Structure formats: C-alpha cells, structure tokens
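Both complexes shown next keep subunit A, but they swap its partner, so subunit B is in the first and subunit C is in the second.
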Partner chain A sequence: MVLFYYVVFPGFLAVFVAGGIASWVERKLTARIQARVGPPFLQPFYDIKKLFIKEITIPEHSTRSIFMFSPVVAFAAVTVVSTIVGLNLINRAYGFNGDLIVCVYLLLIPSVCVVLGASASGNPLASLGASREIKLVLSYELAFWTSLAIPVLKTHQLKLASIMGFQAQNGAIASSLSGIIAFIVAIICMQAKLARVPFDIPEAETEISGGAYIEYSGPLLGFFKITQYMMLVILPLFLLEIFWGPVNSPVGILKYLLLLFIIIVLENTNPRLKIDQAVKFFWFGLFPLGVIGIILAMLGM
Partner chain B sequence: MSIGGILSRSIWVFHFASGPCNNCDIEILDALTPRFDLERFGIKLVGSIKHADCMLVTGMINVKGAPRLKYLYDMAPKPLAVVAVGGCACSKGIFKDSYYTRGPVDRIIPVDAYVPGCPPRPEAIIDGIVKVVKKLRSV
Partner chain C sequence: MRTIIPVGPYHPLQEEPEFFELEVEGERVTKLNINIGYNHRGIEKLSEGMHFDQVTFLVERICGICSTSHPFAYVQAVEDLAGIEIPLRAKYIRCIIGELERIHSHLLWFGLAGHFIGYNTLWMWAWKYREIVLDLCEQISGNRNHYAMLRIGGTRRDILNKEIDELKEKTATLIPALNMFKGAVVDDPVVAARTKGVGVLTKQQAIDYCVLGPTARASGIDIDSRRDSPHNSAYNLVEWNVPVLEEGDVFAKVVVRILEMLESVKIITQSLDGLRDLKEGEIWNEVWEIPPGEGIGTYEAPRGEVFHYVRSDGGNTPFRHKIRAPSYLNVLSNEVAVVGGDVADACITLAAVDPCYCCTDRMQAVEDGKVKYNWKQLLQLSQEKTKKIKNQI
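After this line comes the complex of A and B, so read on.
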C-alpha cells in the first residue's frame, strides 16, 4: 500500500501526469500570448519519452557518481514531497507533527541537486549556473521561510493537516491581512523556486545556454525535466494547502489553475533579473514585507 | 510508437553557425515566429549540443569552425540528425574558391538533409525538417 502511494497515487505517476498537462498549459498559453499556435497536447510526454531513448553522455572531466546521481535524487525528493502533500489532500488523518518543515526541506533538495550536478559536470558555464543557483536559493529561502512562519503563528501548528483543518473551520489564512501578505511573498518565492522567468537566472537559455543543465543529456536530463513538471504541480498545491485551504474539492482545482495562470503571466510579462537585482529584491524587498506580516500576525490581524 | 516516431515528434534543434553572413540564421529564427511556428511540431531551439536531436549548420565552414564542428558532432548524444542550411553549407556557395573554407559540411560530418537557397525561405527550412522527420520515421 505504501509503495502504491509513492509510485502511483498520489505520488509519482499521478503528479507526473498532472505536471505534464500543467507544462502543456504553460507552453500553450505562452504560445497564445505570443500569437503562435503552440505545441500539441501530448508534447511534454513526447519530450520525456524521447529523452529516455537518447544516449547518456558523460563529460570527460566530470565527477561521475555525483553527476549521475543528482538528477535521480532530485526526482526522488520531489516524489516523496508529492506523496506527503497529496496524501494530506485526500486524507486529513494522514500526516505527522512537523511535516510542514519536512516538506520545505524536501522542496529545497532539487535545487541542491542542480547545484551538485552542475558543479560535478566540470563545465564553466554550468559552474556559473551553479553559483547563480546558490545565490538565488540563499536569497529566496529567507523570504519563503518568513512567509511560512505566518500561518504557523496564526494556527500554532506545524502539521499540514492541522493547518488545513484550522482553515476549514475559521476560513483561509489568506483572508486576513497578514495572511494575504504572506501569500503574495510565497507566490513570488514560488516563481523563484520553479526558476520561471523573472528568476530563471541559473538557466538563462539566451545567456549561458541552459546553465546548470548544459552537460546533461538523455535520461539524466529527463529526470530533471520530470522533477520540473512535478514541482509545477506540487509547489502551488503546497502553498494552497497552507494559505488558501480547503483545497480538497473541485474549487481546489480552480484555485490551482489560478496560481498556474499567475505563474505563466508573470513569466511572460517580465524580463530576466540580474542575480544582484534578485538578491536585493528578496532581501530588501520581500523579506521586510514578510517581517511586517509576522508583526501583523502577532498583533492578531 | 516506434523509436523513430517518437524522435520525430520532439526535435530539439542546436544551431551551429560557422562563418555565415547571418541571412540563414535570421531565416531559421523566422521559422519559429508566429507566422510559421515550428513549436506546433514540438521543435524548439536549445542552447547546448547535449540536449539536441538535430544540428542545423549554416555558413561556409571556415578553418576555425571545421574542427569545432567535428568536435560538437562527436560530443552530441546519438541519434543526431544533421541539416545543412543555405548554399554555403550545402556546397560552399560563393566561397567556392576561398582560401579560408574547409566546407562544405558533408566533407566533415555526415549530413541527413540539405536545404539549398541563399538564404532559404522558411518554407524551404520546414521542407528540410519534413525530410528529417521522414528519415527518422523510417529508422
């Protein structure tokens, strides 16, 4: 039964399919915004299937084991977090005290794996991407944790299920002033966590040509792609569970689609920031906003 | 779906330019614009040869470019389709008697499809891609 949870539903398979569809929505909407037709519905799955029949190339000067393991570890971490978040959606009784913190740490692991894999590949552009990824993680994590502190302060719970139960009784966290501040901060941090456009500094296709992923090919790149697809589903769901519950109803799907729409619109209407601008934005813009939110939450607003 | 079928539905293109006059490059980008939109067929440009399924080569291949073209071809994960775009890449074009050319492309690496023209129109480039797709499907 546990294996079923991890592999089929709500773990890997369900979230992967949902993530592929979300990725298609993203590409299609982007194309429509640019007045193009856009890719066919199954395109993300074609891409993955193709990557898994390609050859793996390993660079000569790479650290072989770390280079090969980091995509798999990233994929495993996001599978675990999708199982935890998904089980909380269907069954309130599931969960353990402190799974909120476990989820946030697991959501950090894909970024760490990108850094590890890129540094192990021995490519100068990849190491540039890795250094940018580290700086980006350092900048957004502070604001992200600040925003997560607000629902914890309001509910006095560290358990996802309890936070959702609190919201089912007393209304969504985001309906209060401090809650809405926290939600906005978290949405912008989510954009950075997903490495979407204003914060796609580590990848920067046009500038360092794929950055951290530059040396990855075939199935290894496929694992990173699957990780990205799954993150596109699980991170908005995680935020919805914390800030805008209850999610386990058909309205929850509409809420998710709204968040996805916000991600896509932000992606298509913004230029890429430089890394120093991003650090300044998170530390001196969003972090003080989050602190104001915490003070408001302590005052009970 | 067969291996060739899946390869032909998701072609990621790496663009290698060695001494082009930039006309072919602009026409290649034209094929991605709203009027032609090759993303309909799952085709997109990637920045790294390690991600690529297809290499577009433009320009007469000059002395500096030739060894790098060979090197990139050897680095790429197989299967890889190579398309020579433009008169220069297909047959040296107006650089036939130049002291600085090592082209055309098929003297250095095997080529799967030729797209002649100076520059080729986007329709011609799409026709070249159709040739590659047909070839992949017959694998």
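After this line comes the complex of A and C, so read on.
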C-alpha cells in the first residue's frame, strides 16, 4: 500500500501526469500570449518519451557518480514531497508533526541536485550556472522561510494537516493582512523555485546556453524534466495548503489554476533579471516585506 | 582565477559563426577576445568574374537582411564610375525598398534583443509586426527577402500608381505598433534595469573604433550616409530626421533604432506620394558601356554605412571590387563596451551592435606578424588542390 502511495497515487504517476498537463497549459497559454499556435496536448509526454529512448552521454571530465545520481535524487525528493502533500489532501490523518519543515527541505533538494550535477559536469558554462543557482537559492530561501513563519505563528502548528484544519474552521490564512503579504512573498519565491522568467538566471539559454543543464541529455535530462513538471504541480498545491485552504474540493482546482495563471503571466511579461539584481530584490525587497508580515502576525492582524 | 566563458562558435546567443572568448573573474568580464573568420566566401573574387549586371545579384546574396543595402551601394559605385544619372521615379522606388528593409531589419533585431534578455513575448510580437513589412516587400517585389529591385541605371521593377494608396495604408498600420514597442521599452522598469548604463560606448571610444550606423548614433556621433551623400536616391527630396542619442548604452541603441523605424515610415509615405505625379514605367536609363575608371558607392544599411569600391578597365566585368560592411567595425567596439560588466550584461551588449557575420568575414593568413600567402601563392595553392582532386578522379 505504501508503495502504491509513492509510485501511483498521490505520488509519482498522478503528479507526473498532472504536471505534464500543467506544463502543456503553460506552453499553450504562453504561445497564445505570444501570438503563436502552441504544442499539441501530449507534447510534454512526447518530450519525456523521446528523452528516455536516447542513450546516456557522460562528459569525459565529469565526476561520473555525482553527475548520474543528482537527477535521480532530485526526482526522488520531489516524489516524496508529492506523496506527503497529496496524502494530506486526501486525508488529514496521514500527516505527522513537523511535515511542513520536511516538505520545505525536500523542495530544496532539486536545486541542490542541479548545483551538484552542474558542478560535476566539468563545463565552464555549467559551473557558471551552478554558481548562479547557489546565489539564487541563498536569496530566495530567506524570503521563503520568512513567509512560511507567518502561518506557523498564526496557527502555532508545524503540521500541514493542522494548518489546513485551522483554515477549514477559521478561514484561509491569506484572508488576513499578514497572511496576504506572506502569500504574495511566497508566490514570488515560487517563481524563483520553479526557475521561471524573471528568475531563470541559472539556465539563461541565450547567455550561458542552458547553464546548469548544458551537459545533460537523454534519460538524465528526462529525470530533471519530470522533476520540473512535478514541481509545477506540487509547489502551488503546497502553498495553497498553507495559505489558501481548504484545497480538497473542485474550488481547489480553480485556485490551483489561478496560481498557474499567475506564474504564466509573470513569465511572459518580464525580461530576465541579472543575478545581482535578483539577490537585491529578495534580500532588500521581499525579506523586509516578510518581516513586516511577521510583525503584523504577532500583533494578530 | 581567470576563466574563459565561450560565446560561440555555436551558441544560442547568435546563430551565426563567431567566437567571443569572455575572460571572467567570477561573473565579471575582464577581457574580450574576438575571433571571426568562420564564414569566408570570397565574394570579392567571385565578383571579378561576373558581368556588371550580374554582380548586383551576387552582392545581394552577401547578407539576407541587408539584401538591398549591398546592391544599393554597388550600383551607386558603378553609377559614380560611369557618371550615370537615374530617373526620379527610380530614386523614390530605391528609397521605399531601402527603408522597408530597414524597418524589417530593425524589428528583427528588436525581437531578438528581447529574446536575449529573456523577454520572449516581445520577441514574438516584434516578429508578428515584421510580417506586415515582409508582406509589403512581397507585394512590391515578389519576394519577402532578396528583392532584386536594383539595377545599374535605375530599378528593375515599378510600383503601380493604383497600388500606392493600399501600400500607404499598410505602412500606416506600423506606426501604432512601433509606438507600442517604444512604450514597452521605455516604461518597463525591468527592461530599464537590464539595459540602462549597460555596455556603454563613449563618444571618444566610438570615434576610436570607427563605429557606424545606430551604434554610432547612440553614442552621440551624428552620421548617416543617406543624409550625407544622397547621390542617386530621393533622401534629399523628403523630410526626415536622423535621431541621435548621447548615452551610448544598450538602452540608447534600442531607442535609436525604434526612432529610426518611425523616420523610415515617414520616408516611405512621402516617397509613395512622390511617385503619384510621375509617369509609370520610367524607371531606368539604358546603360551600354562601363568606361575605365573607378567609383565609390555608400549606403546606410540598417547596421551602418556599407562601402563599395568598383574599378573598371573598360571590360564587361569589374577589375576590382572592394566591399566593407559596417559590422566589421561595429563588432570590434565590443572590446571596450563589454569589459567591466558581468556575463549577463556582456551577452546583451554583444548583441546590441546588431552584428551580422555573413557581411563581415575577410581572410588573411598571418604567421609571426607577416602575411603568409600573397595573392599569387594563394592562387597556386588553389590550382594545385584542383589538380590533385582531378588526378584522384
């Protein structure tokens, strides 16, 4: 039964399919905004299929084991998060104390794996991408944790299920002033976590040609792609559970689609920032905003 | 520690063969080495084996984007050589096609610049409006690119007087689009953060590196060969301005190009009006013979001044044909513009001169500071190679 949870529902398979569909929505909507036609519905799955029937190429000067394991570890971490988040949606009894912190740490692992894999590949562009990814992680994590502190302060709980239970009784966290501030901060951090424009600095196709992913191809790149698809579902759901519950209803799907729409619009109406501008934005823009949110939350607003 | 970040020879930044070695410390660029020369095609030599009329079509193939600028400068050179004056109608038609090309080239660059800073929506929208221009070109010449409109002594195709209103109407639809792009660039804080004060080329540096075209005009140098030498074209018959900005950064280069497109629309509209009173069909003067002598022709291509030199010995082919394209000078100015910025700045700065490598490449084999092969030796090498291949067959 546990294996079923991890592999089929709500773990890997369900989230992967949902992520593929979300990715198609993103690509199609982006295409329509840009006056293009866009891909067919199954395109994300064709992409994955194509990657997995290719051979694995490992660069000559790379550190073989790290290069090969990082995509798989990233994928495994996201599978575990999706199982935790998904099970909490189905039945709150599955939660355990402190799963909020576990989730946030697991959501960090894909970024760490990108850094490890890129550094192991021995490519100068990849190492530049890795250094940018580290800086980006350092900048947005601070703001992200600040925003997460607000629901914890409001509910005095570190358990996802209890936070959702609190919201079911007292209304969403985002309905209060400090809650809405935290939600906005978290949404912008989510954009960076998903590595979408304006924060796709580590990939920056036209500058460092894919950056961290430059040496990856075939199934290894496929694992990173699957990770990205799954993150596109899990991260918004995770934020919804914390800030804008309850989610386990048809309205929840609408809420998710709204978040997805925000991601797509932000992506298509902005140029890419430079890494120093991004760090300044998160440390001196969003972090103080988060701190104001915490103060407001302590005052009970 | 010194690291080299390669941009090229195959790089998504510019889909043409070029190689920039960025020497970086962390993300900061300390030095730039420019390597070009992956794309030598021997156009000047080919030209010496073709009739004067055929060369017009050969130089059109130098570059797909400046496909009118090169023939424009070439026919100017031959007309200068032979002392030919062309009919007024042909002058207007030359201006119209030249300016349409400028708009489509600038829109292409503008879209790509958006892509380079990760703003793909801008890219797609710019290219969407570029389609209007390409349709106009197709209506006039039958082709979206490579218009083959020019010939020595005039133009090859006429614009029908009954089509003028429709052409003007279509051209006018560009103005709101261009103003929209102007707003999208000038008002967007993130675009400003990425381009203002980035890749600055001061006026003195611009003079030192002999940069041309929008790159020079964004650095405060007021040059434009359309205005400065309007021989055999209608640029002195219509009212227009040369936009010049002082800042010299990427932002100024974007704004200069947008303003230039608006000026181009003005030129096209007035030229089309000028056609109305002229008789259809009077578009070229017959040219029977090219006398011995030499002539130069210049034209302001979208990227800057194109220079053609033609020398005739009285035969039916050019004796010597020398071409200088603007990117050859503009690209080298990156040496100073890029240094001091970081890698993200460097990429948009490299692209901001609108480099075009197919016009740019020259070949000279140098060893220890000396020229390795002279012309005769090169010819001998080539003949030996041909013999070798023939023997193998």
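Quick note on the criterion: the second predicted complex is superposed on the first by the 301 of 301 C-alpha atoms of A that agree within 3 Å, B and C clash if a C-alpha of one lies under 4 Å from a C-alpha of the other, contacts with A are read in each partner's own complex, and residues count from 1 in each chain.
Everything below uses one rule, namely that a residue touches a chain if its C-beta (ideal position, glycine included) is under 8 Å from a C-beta of that chain, and two chains touch if they have at least 3 such contacts.
Owing to the predicted nature of the structure, the values given are computational and were not obtained by experimental measurement.
Undergrad: For A:E205, select first, second, both or neither according to whether it touches subunit B, subunit C, the two together, or no partner.
TA: both
Undergrad: Contact-wise, after the overlay, does A:K49 reach subunit B, subunit C, both or neither (first, second, both, neither)?
TA: After superposition on chain A, A:K49 lies in contact with subunit B alone.
Undergrad: Looking at the overlay, what does A:R64 touch: subunit B (first), subunit C (second), both, or neither?
TA: So A:R64 meets neither subunit B nor subunit C here.
Undergrad: Counting only touches as set out at the top, which of subunit B and subunit C does A:R32 meet: first, second, both, neither?
TA: Neither partner.
Undergrad: Identify the partner contact of A:I214: answer first if only subunit B is touched, second if only subunit C is, both if each is, neither if none is.
TA: first
Undergrad: Please indicate which partner A:L128 is in contact with in the superposed arrangement: first for subunit B, second for subunit C, both, or neither.
TA: Second partner only, subunit C.
Undergrad: Once the structures are superposed on A, label A:K280 by its partner contacts, choosing first (subunit B), second (subunit C), both or neither.
TA: After superposition on chain A, A:K280 lies in contact with neither partner.
Undergrad: Quick check on the superposed pair: does A:R272 touch subunit B, subunit C, both, or neither? Answer first, second, both or neither.
TA: second
Undergrad: Which parts of subunit A are in contact with subunit B and also with subunit C?
TA: 34-36, 205-206, 208-210
Undergrad: Going by the contact rule set out above, which residues of subunit A touch subunit B in the complex?
TA: So the residues of subunit A touching subunit B come out as 27, 31, 34-40, 43, 46-47, 49-50, 53-57, 205-206, 208-210, 213-218, 221.
Undergrad: Provide the residue numbers of subunit C that touch subunit A in the complex, in ascending order.
TA: On the subunit C side, the touching residues are 3-6, 11-13, 24, 26-27, 114-125, 128, 188, 190-191, 193-194, 342-345, 347.
Undergrad: Please output the residues of subunit B touching subunit A within their complex, sorted ascending.
TA: The contact residues of subunit B facing subunit A are 1, 3, 6-7, 9-10, 33-34, 37, 39-40, 42, 46-48, 50-51, 53, 75-79.
Undergrad: Considering only the defined contacts, which subunit A positions touch subunit C in the complex?
TA: Within the complex, subunit A contacts subunit C at residues 30, 33-36, 124-125, 127-128, 131-132, 197-198, 200-201, 204-210, 268-277.
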